[in-house]
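Below: the structure, in structure tokens.
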Amino acid sequence: MEQTAHFYLGLIPLMPLIGAVLIGLMHVTTCRGHRFPDKLYAVLACIGPVLACIMAFQVFTILKTLPVEHRILVHKVFTWFSVGELNISMGFMADPLSSLMILFVTFIGSLIHIYSIGYMADDKTYAKFFGYMNLFLGSMLILVLGDGPVVMFVGWEGVGLCSYLLISYYNEDSSNVLAGNKAFIVNRIGDLGFVLGMAFLFWAIGAQGFDYISLKANAHLLPQATAMLVCLLLFVGATGKSAQIPLYVWLPDAMAGPTPVSALIHAATMVTAGVYMVARFSFLYVTVPDAGEIVAWIGILTALVSAIYGMFQDDIKKVLAYSTVSQLGYMFAGVGVAAYSAGIFHVFTHAFFKALLFLGAGSVIYAMHHEQNIWKMGGLKKKLPVTYLTMLVGALALSGCPPFSGFFSKDEILFSAFASGHKAIWAIGVLVAGMTAYYTFRMIFVVFHGEPHSKSSYDHAHEPPPVMTVPLVLLAIGALLAGFFNLPELFGGHQMVSSWLEPSVLDHHAHAEASTEWMVMGSSVLAFVIGFSIAYVKFAKGAQLPVFTGFAKFAYNKFYIDELYDMLFVQPYKSIGAIIWKDFDPNVTDGPRKAISWLYGAIGDAFRLVQTGYVRVYAIYMVIGLSLISLLISQTLN
Amino acid sequence: MNHDFLLLLPVIIVGAGAVLLMLRAAFGKLALDSASVVCMCIFGLAFAAQACSALAGPEVPFKAAFNGMLMVTDFTRVAGLIILGCGFFTAMSSRSYFKENRFGLEEYYSLITFAAFGMLLLTMSHELMTAFISLEIMSLSIYILVGFNRRCVTCAEAVLKYLMLGAFTGGFFAMGTALIYGGLKSTKFEVIASAVATHGFLHTPALVGGAFFIIFAFLFKVAAFPFHAWVVDVYDGSSIPVTGFMATALKTAVFAIFANFLMLDPGLKGAWVTYLFYISILTMFGGNLIAIGQGSIKRMLAASGIVHTGYLLIALVAVSADRFTGSVILYYLAAYSVSTLGIFAALSYLSGAGEVRSQFEDFKGLARTRPYSAAAITIFLLSMAGIPPTAGFMGKFYVITSAIQAGQVTLAVLGIVSSILSMWYYLRLIINMYFHDAHESFESECTVFAPACTLILAVAVFAISLYPITL
Amino acid sequence: MFEHIISSMIFLPIIAGLILLLTPVTKNGARAMALVVSVAVLILGLKLYTGFIGAGGMEFVENYVWFPSLGINYTLGVDGISLFILMAGTVLFPSIFLIFTTKSKGYYANLLIAQGAMAGAVCAGDLMLFYIFWEVMLLPIFFMIGLFGGEGKIAATLKITLYTIAGSLLMLAAIFYLGVAFHNQFGIWSFNIVNMAALKLHGTVAVLAFVGFMLAFAIKIPLFPFHTWLPDAYTEGPAAATFVLSAIMAKIGVYAVIRFVIPIFGAEFTRYALIMAYLGVIGMMYCGFAAIAQKDFKRMLAFSSASHMGIIALGLFCMNIQALTGSLFQIVAHATSTGALFLFAGILEERMQTRKIADLGGIAGRAPVFAMFFAIAMLASVGLPGTSGFIGEFLIILGAIKYNVAIGVLAGTSLIIGVCYMLWMFQRVFFEKSNERTEKFRDLSAAEVLAFLPILVLIIVMGIYPQPFIKKIEPAARIQINTILHNMQVADANALLQGTNLEK
Amino acid sequence: MIINYLTLSIILFCLGILGVISRRNVFTVFMSIELMLNAANLAFITFARLHVSMDGHVLAMLVIAVAAAEAALALAVVILLHKHKGVLDTNIFSLLKG
């Protein structure tokens, strides 16, 4: 039983990776000659994720059978590298947390793979796309299953790479590639934090073993200051990967990639890795509440800022992108106030409804022939009924309308924020909830209601093939029901997810009497209603592209943060490089060498002048030399 | 007596051979080419004889035969070997040289032989007047060789400069001899040695003055710094094989007698170490600074000859007088002679009629048309620059190591620095030969002799580097 | 042959090269011969690798008296430090001969001589022998750059040759000094490295000798600020020369620091390690910044290589096992990745007849295989986990943090700096629209793919399963570390002594 | 008494040196060199007198012989130079320089 589980643990990440390698080799070997049929690639691509999904379910069930305190399976495949006291093994670990993660990662991953078969149908390099997707899924699974920070880092960077490759997938257009570069580089900045965090952690307590289990065991040995440092550095990594302030700038641009990519990588799975990481290291964060405080604040501020951006976007994917950032902010707020299960639960539900929304957006874009501007759509409700309905479910879930999944998870977070005494965070959270409702339904209304803005594309629009709609429906069901997994006691549920995660995350349980719970819930519902109704009033009857002025314009341009970063970091970097190369290197660093060789030549020429060629002068030199030496000799004699 | 005769055999062979050549030439019984062959045979025979005698080790002061005016030691034996070798290869390359430059006469070879005779005597001489006379035998023949090409004005100028300054120093040498004679009532080396040993060097002023004049003469002949100015012009003016001969054999002979004289007694050497220290530094750097500006290869080689004199002076400073073997000096001389002779041998058939190709620029792209010659020249240059695994490298190794051992770390470091500086102009020639395209085809109707000579010497560069000596 | 396996690995190529130089062979014949010889050497090398135990000491030792009067011996041996540099050269060389075809026979001859000389320099157990090989390995590069280089070749040749020779001649003086010092202390002549460790050195002269050694190696590595010869030489030189310089010769500089400086000048090393470490990390950032400003992809790669060498050098001076092992591992990793990158650059230059990044673009569409291979090598050089680049860099940063937090953090920035210019270059060369120049870019031929496969496989394997390599490296590294630690204790003891004296 | 001869020889020697470095005519230069050699001879004779031995005389003879040889060569060179340029000014012969 457990043996099989161990067996699976190694195999789960391997499945998609094998697929990736296989597809890659087939693609590379045939890219010049005749191609294999795309169908073959499609099948190959989907086998890996599906198998992984099945195995993940197996693992999950196996874990479930085990007694609570033993719900942890570790499978060390081989010693990766060991130098001195550092001993890293390529090992995988399944505990409630990771098992839950792999479960929905593989599930949603498979769905999106299937969806992509339809979406990418007319793509020239079909195989490449699926190769990357499989590679991504493999790395993501390594990230989740890794039994220690270093193994996690492998997946961590792997998903970063895939995200880069897929963002710059349409690499003919330099702006896409630039977006990819931006994503990779910004992530790298975060990774620096991660690596340094690991280094400090290692030198503090890593000597006895550098995997989660032994780290958790030795966490109490960690000095407060070091713990703080490590937590913050790790969180820097998280901000990079999960697009939090100040490193969130890459995610909106990442929408340059194909829509399934945005759904899988930049909504459902990769971007939540940061949250997962913080939850993973909960045993560190609980030791330093201040760190959690910072995390929570950064999270909620990100939520606020990106919600503001979201209200003014006119690219359907950008709206969703900012909503993702905003939701991620919620999650960090959750884990920041030590409500790890709540945060993870939101990750879980968010995966469903955000993937759903993106795929819906994808099918809209597909129907509109790659038109992404919502102001060019409108009235698509009749044309794309399935998409409309599914997206509506997603929107409701996102904006936290009971009883959709988003409601429960978000409410969980807000409640624990409130109960743990972070009233301000809670307040902002509620505000953001309202804004979320507003911009989500703004999008829905503008896209599906009102009159079509561009007749021609409207006429050609049609419901995508079932291979795309079926995943939508499945996800919609998920988005609808996922919330009930963690039904609070209030509704007679008994928080399955939270109790499931109990062993692996050190949750801080905030208890409050029912009345406060009702109050919190009520306020967020109220926020939803307000936001929704504003959106309804403004857009339900259809609306024209607004002209932004004042603050709106400021927000529309995302507070000019990108420009600021460019001015502060990118340009100086380039100019420093130019200065070093053009001026400093040749003149200063290479100066001495140049000076010496010049001096050498100059003195040489001078010496040639001394060689006058007059024999008398030579005789005179000799006599002078003679007299000098004789002078010296007479000095010594006396 | 027998043994003594064997030791003198090379000298006798060379001397007799010189006279013979001279007479044959006078009566016009000898073609130029055969004269060169005869000359080579003479040198070969003498070399063989010297090699045989060099097997026997002991010091032989010719008390009976020459009243102790000559003395044969291992040092002089090996020096003689080097000189004879230089003579041999000079004769060899001259043959090809005179195929293109048609001013050769039979006497040329006899003069080379005479010069070698003088050099051999000079190395062996153990008495000042003998030294003076053999020095003059050598010098006079060299003077004539320098000005051998009567049609070329630069040769005349060269001989003027060399003769005038040479005679000038000759006067000093004579005066020095006179002073020492006045001070010690004798001009024999062992008398000087014993005198210095008993009273110390500075005791008799006449001795100080005399030694000073004599050492000055030697420094002039080896072109040490303040007395170096002539060497560039004279090498430039005289014909290539002669230049090679001067640069190698003459330097060997003079350094031999110089070392013999200086190492007579630690006191004598000790008195001069400080001056030689500064002179060697000046010589190395002065030489480099002259060399860097030169456009003509012969002048560059002359200047680099000055630099090598500097290294040899380091060796003189470094070697200890009380147990003097001179192995370092001789090894360096051998390494230097081989590579220098090699280059001049190569030049003697590459430079063409009337030595038209004398500048760096003229050798651009040599490697394209004549790769093997270019390779040989490269080997010689690398050896001069002291790049392993050549003889020049080992020579530097011995010199510098002995300097450090003698506590002259400064000198050692400066020596290294100057060899860094010398890379500049050696590389320049290599770069010209290899990294540019050829303007001409370097055609020259030359016999096999000079190329063969180059080849042998190129091999010798590596062969010598494998020969171990003891410091 | 197998009892003299190292000698044959050294002299087989050298003799072959000389034969090529001295005999009239067609260039194809030369190439074939070079290929055969290098493969033969590879076989020998594999035999050696399999036979290598890795206990930490010297193995496959060959020792013959050469100059008895001066104790100069012909001593060869391999240990965990030298093994991998030797192997890197051995493995990588055949691929050069597979890839580059359109050159004269001198090209191959020089490469062969360089290969032999570098093997010699890495295996030499005697200072004089080492120095001889050390100088000899420069000559082929000198001729390669001069004969087959680009426009500015002569300036580049002069620069690299004078720079390196200046350094190595000063080292020569130091070597002589060591020999004499040994003679004075023990009464016998010896230049054996193992004996040298017994030498007691102190005073300014010792420091000068240390500087002499360090300078030579710093120039070879090259360590900031002695790197100025590098961009010109790497850029003007032909691809193979650049490859040899970056992939192997630079590493021999690093190797030499470990082999000679740490055992012989332990005290000075520990005293000045911090400065060196700073030089290393500054060099990393300096060259990284310079790389972003390049318009010429070869020069950009040159700077990136210098930047990585800075990190590797840093690893030497952190004085803990992780960092040292890391940089020893990184030596091989960098040899493979940067070596491959320079080979790719050579192919690009050869086919596109340009070195300007601006002239290129859209090659990924034209030549997917080439693009993929390049990407793998690039990712390895930016240290992506799963490739060889990550392990070494991670270990070095880890060690650096322990040694000195500031240095560690600065070293960490290499994660970011490297990625910036690499992605920038990759975008402009491989992505975006193709132009009429890149339209007709021919993808890698089968032979080229064959030549690159071993390198790429090595990159991946070393990234996923590095433990076997590390197992061979670590013992030797540990020995060095122990000597360092011993020296540090001695230094502390002396400091304590002086302290007590002051109190009195 | 002896000292006077010595002084004379020193004076002659210095005159010789002065002549070599001051005069430009080849002939005069060579004559000055002869002067130096003869100064040496004078010194030899004087010291022979001082030491009451014949060695000095012999040495002087040898030096004279050498001087004669040198003189012969010098004359040859003078003629050679005159053939080339028609003048005997040393400064004219400065083609080789630098």
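For the reader, a short list of remarks on this structure follows.
Order of writing sets the chain letters: A, B, C and D. Residues in each chain are counted from 1.
Basically, contacts are C-beta pairs under 8 Å (C-beta built on N, C-alpha and C of every residue); 3 or more make two chains touch, one makes a residue touch a chain.
This one's a predicted model, so the numbers in the text were calculated from it and none came from an experiment.
Counting C-beta pairs in contact across A-C and across A-D gives the higher total for A-C. Of all chains present, the one whose mean CA position sits nearest the global mean of protein CA atoms is C. In terms of their C-alpha centroids, the spacing between subunit A and subunit C amounts to 37 Å.
Distance between subunit A and subunit D, defined via averaged C-alpha coordinates, is recorded as 98 Å. If you average the Cα atoms of subunit A and of subunit B, the two centres end up 79 Å apart. Once the centre of each chain is set as its mean CA position, subunit B and subunit D turn out to be 26 Å apart. Annotation for subunit A: residues touching 2 or more other chains are 597, 608, 611, 613, 615, 619.
Within subunit C, contacts with two or more other chains are made by residues 162.
Residue positions of subunit B touching 2 or more other chains, listed in rising order: 160-161, 164, 168, 232-233, 293-294, 424. For subunit C in complex with subunit A, the touching residues are 159, 162-163, 224-225, 227-228, 231, 286, 289-294, 320-322, 325-326, 362, 364-365, 368-369, 372, 379, 384-386, 390-391, 394-395, 397-398, 401-402, 408-409, 412-413, 415-416, 419-420, 423-424, 427, 430-433, 443, 464-467, 470, 474.
Taken in their complex, subunit C has these residues touching subunit B: 21, 66-70, 128, 131-132, 135-136, 139, 143, 146-147, 153-154, 157-158, 161-162, 165-166, 169-170, 172-173, 176-177, 179-180, 183, 205.
Residue ranges of subunit B in contact with subunit A, taken from their complex: 160-161, 164-165, 168-169, 202, 205, 208, 212, 216, 220, 225-227, 229-230, 232-233, 275, 286, 289-294, 421, 424.
Considering their complex, residues 17, 20-22, 24, 90-91, 93-98 of subunit D touch subunit A. Within the complex formed with subunit D, the subunit A residues making contact are 608-609, 611-616, 619-620, 623.
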